[in-house]
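I have placed the structure first, in the form of structure tokens, so that the comments after it can refer back to it.
We call the chains A, B, C and D, going by the order they appear; numbering starts again at 1 in every chain.
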Amino acid sequence: MVRRILLVSCPDRPGLVATIAGWVAGRGGNILDLDHHTDVESRWFFLRMLFVVPPEGAALDVLTTEFSPLVGAFEMTVSFRDPTVPIRMAILVSKYDHCLVDLLLATRHEDLPVTVPVVISNHETVRSWADLFQIPFVHLPVTPDTKPQQEGSVLEELQRARVSLIVLARYMQVLSGDFLARVGCPVINVHHSFLPAFVGAKPYHQAFERGVKMIGATAHFATTELDEGPIIDQETVRVSHRDGVADLVRKGRDNERQVLTRAVRAQVTHRVLTWRGKTIVFDE
Amino acid sequence: MVRRILLVSCPDRPGLVATIAGWVAGRGGNILDLDHHTDVESRWFFLRMLFVVPPEGAALDVLTTEFSPLVGAFEMTVSFRDPTVPIRMAILVSKYDHCLVDLLLATRHEDLPVTVPVVISNHETVRSWADLFQIPFVHLPVTPDTKPQQEGSVLEELQRARVSLIVLARYMQVLSGDFLARVGCPVINVHHSFLPAFVGAKPYHQAFERGVKMIGATAHFATTELDEGPIIDQETVRVSHRDGVADLVRKGRDNERQVLTRAVRAQVTHRVLTWRGKTIVFDE
Amino acid sequence: MVRRILLVSCPDRPGLVATIAGWVAGRGGNILDLDHHTDVESRWFFLRMLFVVPPEGAALDVLTTEFSPLVGAFEMTVSFRDPTVPIRMAILVSKYDHCLVDLLLATRHEDLPVTVPVVISNHETVRSWADLFQIPFVHLPVTPDTKPQQEGSVLEELQRARVSLIVLARYMQVLSGDFLARVGCPVINVHHSFLPAFVGAKPYHQAFERGVKMIGATAHFATTELDEGPIIDQETVRVSHRDGVADLVRKGRDNERQVLTRAVRAQVTHRVLTWRGKTIVFDE
Amino acid sequence: MVRRILLVSCPDRPGLVATIAGWVAGRGGNILDLDHHTDVESRWFFLRMLFVVPPEGAALDVLTTEFSPLVGAFEMTVSFRDPTVPIRMAILVSKYDHCLVDLLLATRHEDLPVTVPVVISNHETVRSWADLFQIPFVHLPVTPDTKPQQEGSVLEELQRARVSLIVLARYMQVLSGDFLARVGCPVINVHHSFLPAFVGAKPYHQAFERGVKMIGATAHFATTELDEGPIIDQETVRVSHRDGVADLVRKGRDNERQVLTRAVRAQVTHRVLTWRGKTIVFDE
């Protein structure tokens, strides 16, 4: 028996769980973990299921084909995943290394079931980290004038690396709408504030000016509207009047990397669905 | 259609979800929320399901009878519940009122779907709270000599009140094994430490002596082994060298009531199963 | 020896601590607790000191007079306080009772060294709580048309009660600039969001719409700019896609009351100074 | 003007702050930050002071000598520190790298004002991390038979490196009383439980068996009594019935490194005093 994951979203109606569970049982499979949620406002049904099936007929395209009658009947959006195959994940980074290192370390500790085929940066600063983890490092500097060409080069590298997830680990460039339209896979970003507070530049400076007593970090999907994409995870940490901007930056570092790595873990363990600008994050 | 909850535990085997979901569909019902967990060590299956069924045949005894063939076939322990019927819950308390008030307030705010038919105390101290909430208050003082008789009186009051849950809201008497054997329903206690640290008397004094930097509270089912019952919820709060025992008591108060009310909410929304000295607490 | 507290703010310069500590020693006093902070940007000095002095000459006006040469020499703003005298604190509230009850309960538990001479509300809803705690309750209903007159009546009640602190415990009326200009003492409000996120009305609805993964509460001084006053304390709590607006309200309740009571405790134990739109909150 | 720190502990008596602050003022210095605490039970006085003095006469031995009359008069234990001189800190580690990496990364980010002259391990596993950070790595394997000799070799390396702090970053060997008696500087350890819960071996297994709903980590000074030394910092993280031992280990990793790095930061910024088996940790 081999493990597979199924993600489903569709209009809610009676019998969905029975139908899906019956389909698994009919193939000689068994469900190990099933979590479902219905959004009461929109009457929309979301399901994540970890199940085992006999290895013959367990290929993702076979499963997808054989499940397709249900897709048609129930207007489902479905995705079969193989949890034993690591996600190919590119990391984009500028000069700050803490999120990058946390992701690479989590990968080595097997907390993240991913392969990182490439680290791309607009600076040389973090090259030694890529070297240490023996990951190809691509330096693609950018200026306001060269941004379109640089984004084209980034896209080429991503396609060459055949990634299905891009993580912006404190990549300090705003990606263009054109880039996002062409990238073809989810892009997860970390913003160093408790969104929607302190959007845009220098959120720790903004937080210091306002005199907040907690700072935050937010991992979200990048969309064309800056800092407005669906939120995957957030975390806060206490600060006081004794903390200057430099202290907020220091305390925030630990917060950012935790939130980003946690959000990436949710994504690469196939727990995240998006719906009308929000996320469903199935519990681990 | 009316709402019902089913709780199941049994040995794990293929097809359980499909069988249960199919049974619901076969009755013209629909599953609103299904959460299942399999304990990998013991290969034991746990499920909580919120579902709707047509009102005819929705009585709990009817459902139980009609589900019984599955119980036999799969060695299940099952329990059907009606989420629209408030749990009858007794509160036992001594002199500290903070947990009692939090439970009563949560009840009034409809955060706890319960009815409190009786508050029992070995002191008169908290009578005014019972009066305010218009709940019968029974004063049953106790001394070491009169303990067996007092426990007998408490049991009589509980039976008269027909409760299906007892909450010890800082009730400072250790219940005898005989009492627990005869009480006939779950008993939830709150211990003012992060169990298993600081079992027994005066945990805040113990915590102060040890110089911990966090204190805790633990809600657990009372069993014959003091402070050893299955843990339902825990929470911690930071303390410092500036905090004396009185400060730990003050900070702990807020912690205790939060943990206890949260654990009671889990229980009365039918989310808690016990298994081999631990709990499964299905997410809300 | 009797206990006194001194709060100082002034431009930073060498020798301030020595001067102040020397002044105490020169009067035969002793410092029990001294905490100071210098804001590095503005080079401003803040100090809180708990000290004992002989009872003769310990009256606040005597201390103030005798300390006045230092005030002149160092451009100080100072305030002597008597920690053994409870603060007279009015509570304004609308229909939600959770913050009110938490404040009253904390007062009874002696966590808050205050006297509450009056509870004022624009509704009758919470009268029974005031009755239970034997506190005068004043019902002053308000409509858009009668707002100026109602605010006048509130001011009269506050003056009659001779309060030195006003707490808005979910008082759902925006106080006018005129009211705030005439009230003559600090006003602490709780806003049910993590400010500056979700200012204004219905923050839980806003939070639900945005799909945040944590909600917050903020206690701050009320100023003429709505939700823009100096922040005293904040706290957050996790939420998920399973939480509807009603769940945010429920989880938020516990958060709001904790934050508000904590902020009030800071204020009434003489730990809060404001400076350029922010607070210094000396640690307990 | 140059920065210095003074740490004082002594029996409490009137005028201590005035005397100390006056001494600074008398040398033409200025206090930037002063925090003091009096333990009410033992009537013991603790003070940390950051101050500036003219560079002439600012050498630590000069300050110590000139302060010595006060030491004699008030039975003080004092220590002058130079915050601009990084602490020389050795790291002992076994196979787990997460605490080591966090410490080294925090050092590079200048969150820890330290120099790490040596990393010592009983395994080769983490050598590449030392190489990356260009820190000498010493491999000193140990067996039960060779433990005394190995500890001797470790002591030699530590003396050669002239360290004033030793951090056990998941060093899985129990240090002998003889080692601790001879080491001559503080030793900070991290234990992967919420002490005093789950002392000794395999705390995550113990936590799993007990069914706790939170796990913890504790940074403490190593003493001859295993897991009984003064606690510097603790932190907890939520777990659920879905978490197996491997999940506790994963969640605990992040917790351990945070607690250890935070405790080390407190120590190397000269904020920690010990007193009767506990710590005073002055706030940052």
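Things to note:
Methods note: a residue touches a chain if its C-beta (ideal position, glycine included) is under 8 Å from a C-beta of that chain, and two chains touch if they have at least 3 such contacts.
All figures in this text were calculated on a predicted structure; none of them were measured in a lab.
Two chain pairs, B-C and A-C, are weighed by contacting C-beta pairs, with A-C ahead. Most remote from subunit A, judged by the distance between CA-atom centroids, is C. Residues touching across the subunit A-subunit B interface largely coincide between the two copies, over half of the numbers being common to both. Each chain gets one centre point, the mean of its Cα atoms, and the points for subunit A and subunit C are 41 Å apart. The centroid of the Cα atoms in subunit B and the matching centroid in subunit C are 37 Å apart.
Within subunit C, residues 37, 240, 242, 283 each touch two or more of the remaining chains.
Residues of subunit B touching subunit C in their complex: 97-98, 101, 105, 109, 111, 128, 132, 240, 242, 247, 250, 253-254, 258, 283-284. Only residues 13-19, 21-22, 24-25, 28-38, 283 of subunit B touch subunit A when the two sit together in their complex.
Of all the residues in subunit A, the ones that touch subunit C in their complex are 37, 39-41, 194-198, 210-214, 216, 230-236, 240-242, 244, 277-281, 283.
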